[in-house]
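There are two complexes below, and they share chain A, which is joined by chain B in the first and by chain C in the second.
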Partner chain A sequence: MSKKLTLGFLWLSFIIPFGLLIYLSFSTQWYYPSLTSHPFTLSHWESFFSGSSGLFKSAALSVFISLTVSFLATTSGFFISRGIAYHTKSRWWLVSAYFPYVIAPVVLAVMLNYYFLQIGFSGTLIGVMAAQLLITLPYAVIFFYGYWNQNIRNLENLVATMGGDFMQKVKHASLPSAKGLLVICFFQCYLISWFEYGLTQFIGIGKVETLTIMVYRFVTESNPYLAALAGTLLIVPPIVLLFVNRKFIFQKGWSL
Partner chain B sequence: MTKKLIIVSFISLILLPLGLSLGYSFLYSIGSAGLLSSGLTLEYWVELFRGEFLRSILYSFWVAMASATVALVLALSFLFNLRRHFEKPGTYRLLFLPLTIPPIVVGFVIYQMYAGSGIISRVLYHTGLISGTQGFPALVQDPYGIGIILAHIFIVFPFFLLVLLNVYKNENLDEIERVALSMGAFRKTIIWKLHLPILMRGIFPLLILYIIFFMGAYEIPLLLGQSSPQMISVLILEKLQRFNLGDIPVAYSMAVWYALICIGTISYLLMKYRRKEAL
Partner chain C sequence: MIEVKNLSKSFGEEKVLKDLSFSHQEHQTLSILGESGSGKSTLLKIIAGLLDEFSGDILVDDRSIAKLKPQDRGAVYLYQEPLLFPHLNVEQNIAFGLRIKDEDTERVAAETTRMIQQLKLTGQEKKYPNQLSGGQKQRVAFGRAFIIHPKILLLDEPFASLDPGTRQEMQILFKEIAEQEKITSLFVTHDLKEALLTGDRFGMMENGNLRVYDTREAFIDDSGTGVKQEIEFWKNLK
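Then we have the complex of A and B:
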């Protein structure tokens, strides 16, 4: 009985945040000590769909940034990891790929900011995407490193023996067996970019208004209703990905 | 040619930006770069070991240790007591839910729940246990970082449990337990002498990594932390963005030291645990 109760409590503690976000996104004038006796409204969602709250634009911008960043990181990471796995012997090449990934993104942004200012990337969309690539690309390299094992090499060698060049090796040997991993890496990079706040805020200086930026802005403006709405929008893609394939959300171990 | 191109891409896209940023921050921190550059000095580094910065480092360390320890103890308790329940796909899938919420949203939700005017306080008010917000204990923006710790636990507890469940399965601990029981071992002995050492060896690198991640956490402390002391990342940003230009080199020193600690720790872990699946 107590075990079921504990599980019930766990279930509740995981579900409540989702319920709270949705509840607040339909609420207004939720003053203390009201729990349910305050007015409910559709106006926040209407303002989202009509574009007047700026959230629709933010959501579209976030999707664009995350899709672009994850596409670039996945494709570059795939080929770079191949090179590192095939052409380097020292383990330090791989270890060094972890460095940008383990430093807090906002601290990385602080240290990078000087160069972003110099090249005019600060406060721009391209600057934010470039900064996010500095985290997602090493992640993709680490992710794919373990993929390049002897079996894949043998397949590539087979294509080469039959006269295939680099592109044919990729097309006929590497890519077909990496399809599943490419999709998982793409969505994991998507989530890294989608969840990012500190680096986006610092490099984008608040001008690149992604959904995470909007959540914080609404919180500081004491508007928990729109913050909750932005939060709800933020959890939609990860939830969808979780139901499609939980590997998009959680990976057992890092590729080493 | 392809080999060189790949290596050059790796260096220019991954290592060069990090090297340049570390280099500039290092030079700034020793007074050799930046607007207020006054020549080589170690005074900004000395500043790290006193006052506000030292308090921030200790506070960040406390929050990170407390978050990781509580999450680990909780995950181990669930593993030992409720493992069978997580074999059901529905319950197992439940553990993935918190991983779908961005940290900034977790911070917002924890605030809405545990603040003086939050849901729990309202529920207690309606049950007659408190008479207003002043009767509710400070659980967010509090001196001990309880709100931050709660948010970190919410994020990392399911992750630790998922990893432990995997280690438990991969290491075949059920079978080991069966053999030990047939040899007359007590259940307590099995947990302390067999299960825990194997599980801890599996999760130790991740635990260290998460302590580092938590020390550098930004979004959650920004929403749930108090104004003093602050977590390292929040303090670094505040020092960079506020009016006292004299604080900028100290902020860069903090950033450099924090980055070096991260790099040193990950290098050590990767070299030591090169064959372990948990990393």
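Then we have the complex of A and C:
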């Protein structure tokens, strides 16, 4: 019984913040000591769908940035990690992939800001995507590094000795066993990009209005109701990805 | 005909192959014995194009292949593990080499069926590698290599992971198909019995060099190979 109570309490403590966020997105006024918000309204959601609050544009922009960044990071990370794993100085290259994480992404942004300004990337969509790639790409490289074991290398060699070119090696030896890993890496890069704030704010200088930027903006503007709406939109992809992860990867038994 | 001329290879300070030379006739199997680390696998990998930075030359039908990419050498390398493609079934695995060369579909189908029959794999065509036994996997790996008729088949202890019964069965099957398909091969093994059973010629790898014997008798009679002593040991075992 006490185990059930503990589990129930834990479940509730996990759910309540999300519930509160969704509840707030339907509110306009909620002042102490009132226990409930009054009146209950759909106006924030209506403004989202009508586009008048600018949140729809931000959500669409965030989806576009995250999909592009995660696709580029996953595909290039897969091949770059192969190059690194097969390189004679692979350990040195791997250590350098940890660099953005050792110094923290936002410090990296400060360090690179000069170059972004010089090439005209500062305050642009391309600049934000390039900045996000600086953390997602090394992540993907580290993620895939361990995949290139002796077995995969032998399989690639076998394809080569049978007359296969580079693309055939990739198609028949490298990719089939990596399907599940590619999907997981894509999801994780998507989430890194989706929740990214520091780099996006610094390189985008507030001009590239992603959903995370909007959440912080509404918070600083003391608009908890629109901040809650933006926050609700922000947690939708992780929930969808969790569902997809469970349904398509683990149940279909893709090789990992 | 394969000719290896003055082949030398070092890993750091260690010289693994030392000015190694030999030649090998077509449609024959050269069984190569030798201790671990004697350079047997290194020799096969250099011939296959999987290792670089060596000196010497490798000629196939009087044409040097030493500088060619692995895919242009016509030398298929078979590992100890069958290394089947997990996403392809038996039929597709065997047909792989012909498919990537864009061979005619009807020819591919006919050749694959013939090879499946030769390998006694009829009825297993649609199975995936994870549904096969160790011996069946190795048969598929052989079929996949035999079907493209490589100029040289390089076998690096292909039966080492099999149980004794399956191993013997596979040795006999290999010998049969290699003769039928007129395969030229270099067969590296640790097992003396396997070497004697599969080889037409025999080689002993020692100190980075290869001594080649043209007949089984010459190989057994040379006291340096240790074969005679081993046969005596088994004869006298009580």
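Quick note on the criterion: the second predicted complex is superposed on the first by the 236 of 256 C-alpha atoms of A that agree within 3 Å, B and C clash if a C-alpha of one lies under 4 Å from a C-alpha of the other, contacts with A are read in each partner's own complex, and residues count from 1 in each chain.
Throughout what follows, a residue touches a chain if its C-beta (ideal position, glycine included) is under 8 Å from a C-beta of that chain, and two chains touch if they have at least 3 such contacts.
Because the structure is a prediction, the values reported are computed rather than measured.
Undergrad: Touch test for A:R246: chain B only (first), chain C only (second), both, or neither?
TA: first
Undergrad: Quick one: is A:Q168 in contact with chain B, with chain C, with both, or with neither? Answer first, second, both or neither.
TA: Second partner only, chain C.
Undergrad: Just checking: does A:S177 make contact with chain B only, chain C only, both, or neither of them? Give me first, second, both or neither.
TA: In the superposition, A:S177 touches chain C alone.
Undergrad: Contact-wise, after the overlay, does A:L158 reach chain B, chain C, both or neither (first, second, both, neither)?
TA: The answer is second: A:L158 touches chain C but not chain B.
Undergrad: Figure out whether A:F26 sits in contact with chain B (first) or chain C (second), or with both, or with neither.
TA: Touch status of A:F26: no partner.
Undergrad: Can you list the residues on chain A that touch chain B in the complex?
TA: Residues 3, 6-7, 10-11, 13-18, 20-21, 24, 32-35, 76, 79-80, 82-84, 86-88, 91, 93-100, 102-108, 110-112, 114-115, 133-134, 137-138, 141, 166, 194-195, 197-198, 202, 212, 215-216, 219, 224, 227-228, 231, 234-235, 238-239, 241-242, 246, 249-250, 252-254, 256 of chain A touch chain B in their complex.
Undergrad: Going by the contact rule set out above, which residues of chain A touch chain C in the complex?
TA: 151, 154-155, 157-165, 168, 172-173, 176-177, 255
Undergrad: Enumerate the contact residues on chain B facing chain A in the complex.
TA: Chain B reaches chain A through residues 2-3, 5-7, 9-10, 13-15, 17-18, 20-22, 24-25, 78, 81-82, 85, 91, 93-94, 96-106, 108-109, 111-113, 117, 119, 121-123, 125-126, 132-133, 154, 158-159, 162-163, 166, 209, 212-213, 216-219, 222-223, 232-233, 236-237, 240, 251-252, 255-256, 258-259, 262-263, 265-267, 270-271, 274, 277-279.
Undergrad: Which stretch or stretches of chain C touch chain A in the complex?
TA: The contact residues of chain C facing chain A are 48-50, 69-79, 81, 83, 85-88, 96-97, 100-101, 144-145, 148, 154.
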